[in-house]
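Below you'll find the structures, each written out as structure tokens.
Both of the next two complexes hold subunit A, though its partner changes from subunit B to subunit C.
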Partner chain A sequence: MSGGYDDELSRPLEGALEASTSEGPTSPAVGRDEWVARHGDNRTRRGGLLGTVEARLRVVPWWAWLATFVALFCLLPVASDSGYVRRVAFDIAIYMLLALGLNVVVGWGGLLDLGYIAFFGIGAYAYAFLSSDHYGIHLPSFVSIPLVVVIGATTGFLVGLPSRRLTGDYLAIVTLFFLLLFLTVTTNGDDLFGHNVTGGANGLLNADPLSLFGHELPPTLEGGLFNPAYMYVVLAVFVVVYVALRFVNLSRTGRAWRSLREDPLAAEVMGMPVNSLKLMSFAFGAAIAALSGTFVTMLSASVFPLSFSFPLLIIIYTMVILGGSGSQPGVVLGAVLIGTLLELLRDPGDSRVLFYAAIVLGVLGAFRFSVKLAVVVAGTFVFGFVAHSIAGASDNAWVNGSGGEGGGVADFAANWVIVPVHVAAWVAPVSYVSLVALALVLTLLHGWARIALLIPVLYLAAFVWENVMIAQPEPTRYIILGVILIALMIFRPTGLLGEKRVEII
Partner chain B sequence: MDTFIQLTLNGLTLGSVYALIALGYSLVYGILKLLNFAHGDVFMVGTFIGFGAIQLLGGTVNPIVPVWTLLILITLAAMAGCAVLGVVIERFAYRPLRDAPRIAPLISALGVSFFIAYSMQLLFGSELRNYDTFSLDGGALYLEGFDIGNVRVPMIRIITIVSAFVMMILLWLLVSRTRVGKAMRATSFDREAAAMMGIDIDKVIVFAFVLGSALAGAAGVLFALRIPTYATIGFLIGLKGFTAAVIGGIGSIPGAMAGGLVLGFAESYAQGYISTRWSDLLVFVILILFLVFRPQGILGKADIRKV
Partner chain C sequence: MAEKLLELQGISMAFGGLKCIQALDLDVGEGEIVSVIGPNGAGKTTLFNLITGVYQPTGGDIVFAGKSITGLEPHQITRRGIARTFQTLRLFLNMSVRENVMAAAYGHTKAGVFRSMLRTPGMRREEQEIRELAEKRLAFFGDRLMGYRWDQPAYSLSYANRRRLEIARATATNPRLLLLDEPAAGMNPKETQEITDLISLLRTEGGYTILVIEHDMHVVEGISDRVIALNHGIKIAEGSFDEVATSPQVVEAYLGTGGMAKK
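Our next item is the complex of A and B:
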């Protein structure tokens, strides 16, 4: 990711000290607050190989990261000519844009905007109004896209207006209700005072594709394949937005936003125009969301109210929070990770491999290379084979239900996890609920008791995964998002690349 | 006139359920200043526990216990199950975040809400579940009752309204007359000072979650007696309950009741006189207007911020 460390060091308290970042944390620069310097020290203290790698990576400037990332992303269609992979790459590029926009509101402004997806939808609908058969208006893209951005920013401004009076959770609620309002209006808008405005649940069809300098880019190539040109366009927009936002973040306004996030009251007392700053961050986020909306409409040539529902909002939030809200490279990383994860979970074979990989990495991360790791791994293996052979010895129908994709992992799973041919109806709820309960108990235990319980819990998790979750990707993805959100908030509220917040007492 | 009476009746039934949910939001918000997004999903779990309990007791066509015992048993089962769920949520998702910035428990609550709703969908599918109370006693709950004008007030609505109000009055007595209630009020007024006066804050918070979740469970059964339920119903119903709490003045018990009824009537009249498609819209607009112009609600007190 681009310039993760660089970004982190140029945080609010030392905003005027851009140059000092290269001097390293050990020597507080002239004019740097001693407390800030110590804070920087704490962050970098990491010995051994990892520390060296981190220090080396830190030297790479942000634009090099960005260029590498974008170049790799561009190579995807070259590496794989599957239309599916290209389509997923387009979706992830859209996610990255959305995450960047949400980061402005949540990460920098500190405002919990639960109506963010409504702006995405407004952009999509506005483009469909301006360039489709619905009203017979066909503005060229270079007119309609800026118009949509202006419309998005204006609605963002208007929705942000209540934030002048509301703070914290009340703002979250007003924006959430704005999202519901948007969904109700679009779903029922086919009969608004007798006019068909939004097409209702059937949506709007036949939106124009992107037209550049008089050339139209067809959304699908001959043979019905996805046109990768759209992915390149969105990627180009992403780079522009990323760089622009980076400059905004380093500007006076960016610093003001962060002071607003840290303590709105103190910011106000210091003479910051708190209200217009809040409105501005709303408008920025909304404009980016609306901009992303246009590309989605262009590509599918249609727009439906169901595409802008609450689950999508949670997906974008998980991206921002996983990556580290407030850090641009972080939220992009979050978008890539979560976007890939959600895609992989669709396919039973991929999701099986993913599950076991996550378990192995999780155990490895928790215990490092120690005796405990050996005990857990060996214990889980033995536990599984013993349980499997006992069950198989009593009745073969108890273990013969498995089979499926996933290569060697699937073969291993078939010989290790009990997968009955016919699963009784009570098995799923009982095993799932006990898995959740035991996992919660696990967090309360310490030392060897925890390890003793961890082994059966791991096996139970594999059992639940093979018998219940793998067949139902849709709820499973959302359950995983929910768990990620809770776990992040409790164990690592800064996310992967987010800055470490220091409480000022 | 008949339409009006019918709509008022609908509003009263709906409103009493909203009020029960609103009380759960209010109790938790009053003490923790936390907007418990997962509350609507606790309600949903309540509706499912009621459904499961009915199946265990032999279904509605041939129940193994008398009708009234059945109704009481399923309500108690839902209340108990939801109370346990509420305590677990508080212990594992909110308590670790009690001193975190305020945005953290909110996001954690969103995660909990998602987790519960989709776990339910994973385990029990997304189809509608109907209690089928019409089969109880050959439809007696729907046929018996009394008349106002030409409008029949069936037993099943009387059950919902009366039991909701009984529970609200019990809760109000509990909070205003008992020692625990006093501790709750003290904690909600000033948590630190209450702790210094020897009140066990953890216990008070857990108790608030037990009460609120049990009420949500009861509301779930009362709601699902007449209306089919499904795994993701909690989101919208929970939001309406929250709206009721805000309209009435969050943190205030009579406020939650008033807010629930106002919302129930508004929704019912909007459905009857305007259109069923736009009734939700009215609810959202009412809430936004209230939040913008009178955030303290009908019965709440204006918040004075100490610096």
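Our next item is the complex of A and C:
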């Protein structure tokens, strides 16, 4: 039995097998299974210095990663006393919690839950009901927070229950409907059967701050600065949730979740109650979302329906997908990256730097250091300056519109991209649509034709950016999320830290 | 015959107008190895789907270990002690070989999520037991599923090894009755011989009662206490291998006319 395995499927490899066994009598016979596994290993393993670093990093235990990450995060408010940075750090910590929760539902349970944000909202409102002036109930935090978690889990359970089989499409629609229902009820909840329940669009005000051991944490310090203690609290909760979920994932429940995602019928037949397991993951996600909601209400001392609508849903999904659905470190990384990116995009100066950096990195990644790279870079530069001077020579108003504030990149852009003082109404849609169309044509071309077209396309992209997108930061943020998702789908469908998955061999 | 472990009483199954199983009676005694044969499309796999609760019969009753299991969900039936393999391999391909087997221990283990979160000593002990159980089930296949393959993903296994892993996974549910759907399909003669020996071993060492669907008549002859032949969802013959193989109905079902050729 120690000889080569004569599986029927291994026949085509027989030549290779003999070669490997003939190297020496002591070398082990390589069967097909080993060959496949080693081949897979070798493909993912890198050589050289990068490979060594990667191999070293691989042996760092998970808790060391977590501890380092949390320690760095804790330093943020210390490193910067800007209220803005602290507030963003808090938001990102909330995003991390939300992404962890969604990962349980989507990544582990394999359920498309489009109502996830509703549970976040339910947590926020439930806390306001239990601890604010609205009903005059002021439960201490250590009572109201667990209650909210239970409420979140129960609602999640009840929402999941009617869609009995919980198959993809049905669940997606039922949960989406639930989110709509939630938004409608909260916005119109100031007059529900004659009672003011949710305060309507005006929301609920004067929610209690977090009280720890009879000690209240004011949301703002003197000077109106945001209290970083809240960020630390959320971070602590994040660590607890992260570790608890990790342990669940390594238990029989986690194995069952993974099994049912691979093959629900086989999982069911192997003794796993697929429906209850799905419901469980659903309720888990809802509970974590509700838990996150409490802190948001505490910090702003208020809650409004509009904080829980579709854009946020899309953002959290992007985080999970970008990081790698199913991977805990992945979705946390996704939350940090997307959270930071969205903040940077708020500022025209920062977003401009990001845009050009992305273009440069994209071109660099596509061509490496080659003649083509030189041609594209030089070509685009020349193209830009020529276009700019022709436009400037014919009418100065064509190029004087740049409102870019200081910085090298802004100066460069002002001298390179045509930015008219008055942009006609048709320019935005036409340039935008032609950019998309030309980008599609680009995928059909090959060789030098592609490069020849790439140069004007890059310039057009810069034109659209300077003239259309910078002026509209809000839609731009979502367009960029969309572009990230598309790029991910093409280049790395499993996400940044997702496991490589093989569908069928 | 020993005490009846599984008893199908007048089971029928129809998909729309297609009557796939018709008033079928079948029983399997404790400790027996019974083979089901029949041409493709005879309803053999459907029979397994009915027993394991994947399909609900349109008529009749299924009794296992003295209790009716008709209408139970598949995972409940598995917990009562019936496990199966799939003709069209349904492994958890992106999980490791070991995890595939460990996952199947779900039904007879208890640690809940909250105990898992806290990693209580009881939970950790149980986890260790699941691991040992999985390794024991895998070790049953000796060299073929050796230790160093256990951490590889299931998709890296060869076809024959996937069939073996299917059996290992099924046995990890701690069943009394094992349903094997064409365990020797796609195997070469040497491996087929191994599987034949292994099925006998599953009974003597594992103590399982076995109901097996098989096309390879060498395997059927080698293992069966009893053979049941199906055609168009109807039992056309039952008895010892020789009786069934020479039964005129069986011969006709397979060949139309003429003698039954041994493969």
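Assorted remarks:
Basically, the second predicted complex is superposed on the first by the 453 of 505 C-alpha atoms of A that agree within 3 Å, B and C clash if a C-alpha of one lies under 4 Å from a C-alpha of the other, contacts with A are read in each partner's own complex, and residues count from 1 in each chain.
Definition applied: a residue touches a chain if its C-beta (ideal position, glycine included) is under 8 Å from a C-beta of that chain, and two chains touch if they have at least 3 such contacts.
Predicted model, so just to flag it, every value in this text is computed and none were measured.
When the two structures are aligned on the shared chain, A:S259 is found in touch with subunit C, with no touch to subunit B.
In the superposition on chain A, contact of A:A201 is made with neither subunit B nor subunit C. Of the two partner chains placed by superposition, only subunit C is touched by A:F247; subunit B is not. In the overlay built on the shared chain, the residue A:M280 is in contact with subunit C alone; subunit B does not reach it. Contacts of A:M272 after superposition: subunit C is touched, whereas subunit B is not reached. Judged by the touch definition given at the top, the superposed model places A:A67 against neither subunit B nor subunit C. Shared contact residues of subunit A, touching subunit B in one structure and subunit C in the other: 265, 501. If you check the complex, the residues on subunit C that touch subunit A are 52, 54, 73-75, 78-79, 83-84, 86, 90-95, 99, 102-109, 111-113, 116-119, 123, 126-127, 130, 142-144, 149, 152-153, 155-161, 169-170, 173, 186-188, 190-191. Within the complex, the subunit A residues that touch subunit C are 1-2, 5-10, 31-34, 36-37, 40, 244-245, 247-248, 250-256, 258-259, 262-263, 265-274, 280, 284, 499, 501-505. Across the interface of their complex, subunit A is touched by residues 35, 88, 92-93, 96-97, 100-108, 110-119, 121-124, 235, 239, 242, 246, 277-278, 280-281, 284-285, 287-288, 291-292, 295, 307 of subunit B. Here subunit A touches subunit B in the complex through residues 110, 112, 162, 165-166, 168-170, 172-174, 176-178, 180-181, 184-185, 188, 191, 265, 310-311, 314, 317, 321, 428-429, 432, 436, 440, 443, 468-469, 472, 474-476, 478-479, 481-486, 489-490, 493, 501, going by the rule given at the top.
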